[in-house]
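Residue numbering begins at 1 within each chain, and the chains themselves are lettered A, B, C, D, E and F in the order written.
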């Protein structure tokens, strides 16, 4: 059984490589390289896999999952600058792909401690694109 | 090839164990244990797997699938109390997980008789959480 | 300028008149008269009208509005039985129309005290129907 | 007859008054005052009012409307920093309310030149709040 | 009080004036003038205005409204060719605007006979554009 | 890592076998066999699988993917008649299943040339049904 929790956060970011000049960054990353930042309403889906408990009928308690996502992900990302303020993204390109990997690493261990297994991080950047990461 | 049909139903439920008192139920199930019931607009996605017919271009006739879902699931759940009125949920905790398993068992055989295979039950309880069951 | 806040709540209800028998209630209210209750994920849109403050750029502080909606509406309705547990719905048919009027009466005065004016209550019961009330 | 065009753009912003210190800004604007910016996927609905042409069956040609929105609004806002890069927002608080007023002023005259009348700017900042401005 | 019913239908159409040649039609109507047709999933919102009945808590019985929309609109439009098969669109350009006017005329009188008043027809052609008609 | 691009197109189609008469086609395909066509707003999700590049943080450049989808799929399908105008659907039943297979064949090779792998075509015909094809 898989169970999924949907959360949202808003953040600023910029796609660029510091060792490239603005022209090169613009060529590769387009408008997303704007040095003055832009931002998104990200939608995050955290999917967890586990057995259904006979006692509760749950894979895991969704309120616990929600608290973990809040503490390990949303507190760090919501209303933040992904490039400059998020500890687990330091030194990485702030792409949706890298952000999904970073979120996976934040949640993998805490979800294990709830007795379940992280199955998938799905992260939507706009209504036209999203990524899925399975660890 | 997978083909999915989306349906909706509205129902009341309550999460609780009858052998526990109200305090214990409240502690484990939170607001969902309210003895006076609450309810949801459930969204159900039934995904079927099969070969595409040369004759019809279909995995299966969606109208037939829709009739089966109506007869075996919606007639029993729509505008009902899941805890007290749904035969296939008797004696089970009315969690989204258990409801998805119950719906799978209702549909598995009838879909086989259409010449296809049930692949997945996805059931959304609110816009913030859903479960997926693969049998 | 109008500003709108979207909130959600889940509740059980039943449409019936106690002085009618079950047949008459079924005839008028259909499946919604089920004596064992059913429920919905309601979506509520509260629209407020006011001037944009030069100091804040806001019609009103959305966090304040959100707190008011929570205290006067969501705390009373979320995960509740509309017919039996909601003080401001006592003695009223639990239709979407009456619920919208009840919510208006809950919010009208508190929003005035924020220096703005309640303009509209929009309440969706399912994805197929909603009501709008302008006071 | 009213006709509405929906567009989207992504931008960074910050809510703050430069003459206030960070504590005061945080108190009034909350997380939205983060000095390192955050951002949103904005959804813009431009509603135009006019007569239906006998010749075309249109209030106005939607492709023309789309080009005008692109030239006067999206080119200036998409993937930009609203506080520092958008000419028509200079010196204004970057609230959704002020942004809707700014967009109205950008579009009012060009839509008149198409022979129609701007009726409403609706601007969604997140899935939980939007503003509507009627001029 | 306003109450709205949402319905969907699928249809083919083409925008063109028979007295114009293909080049002129292409110039004015773009891809929508394709002589081989194209089509849409239309979403229709019918908004009705009336008093809330003390007896039922309803403005009007939504099942009655739904039957009227089905009989006077959906039976004529769903899975049809708007240009050639829909009686109330004969001799008219199959634009969203004209379709909304046609639907209004179909529903105005039957809704009066239910004791309410048609307030608005909202018709979405794609996720990027819709029209609203108030009679 | 999987990355998905969402696109939309509008098209007309008809489900029928030319060697069957209208009664037989109506029996098997229902309203979808209407000889005068009907149509849909299709929503297409193209999912690509690949490694995240250290240099760009991308699986692949979404603008390149978008251009490929436009050239090989949307230019051929948008505002077209699927039965009579789409080269890669000639001689095939215009079902959603066959359309998904056709789109897969259009995109498989060009995506390989971008250094990634096509993982899934998801195609929604209406809000009530979609297909998924994995090659």
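Just so we're on the same page, a contact is a pair of C-beta atoms (placed from the backbone, for glycine too) under 8 Å apart; a residue touches a chain by one contact, two chains touch by 3 or more.
Quick caveat: nothing in here was measured; it's all calculated off a predicted structure.
The minimal number of chain-to-chain contact steps leading from subunit B to subunit D is 2. Chains making contact with subunit B as well as with subunit F: A. By the document's definition of touch, common neighbours of subunit A and subunit E comprise D, F.
A centroid comparison over C-alpha atoms places C as the chain most distant from subunit F.
Note on B-F: its contact pairs, compared by residue number with those of C-E, A-D or B-C, agree for more than half at C-E.
Between A-B and B-C, more C-beta contact pairs are found at B-C. Distance between Cα centroids is largest for the pairing of subunit A with E. Mean C-alpha position of subunit E lies 28 Å from that of subunit F. Shared contact sites, meaning residues of subunit E that touch two or more other chains, fall at 127. Inter-chain contacts occur between A-B, A-D, A-F, B-C, B-F, C-D, C-E, D-E, E-F.
By the touch criterion stated above, subunit E contacts subunit D in their complex at residues 15, 17, 28-30, 92-98, 100-101, 127-133.
Against subunit B, the residues of subunit A that register as touching in their complex are 1-7, 47, 52, 55-59, 61-63.
Those residues of subunit D that touch subunit A in the complex are listed here as 8, 10-13, 31-32, 34, 36-41, 78-81, 84-85, 126-127.
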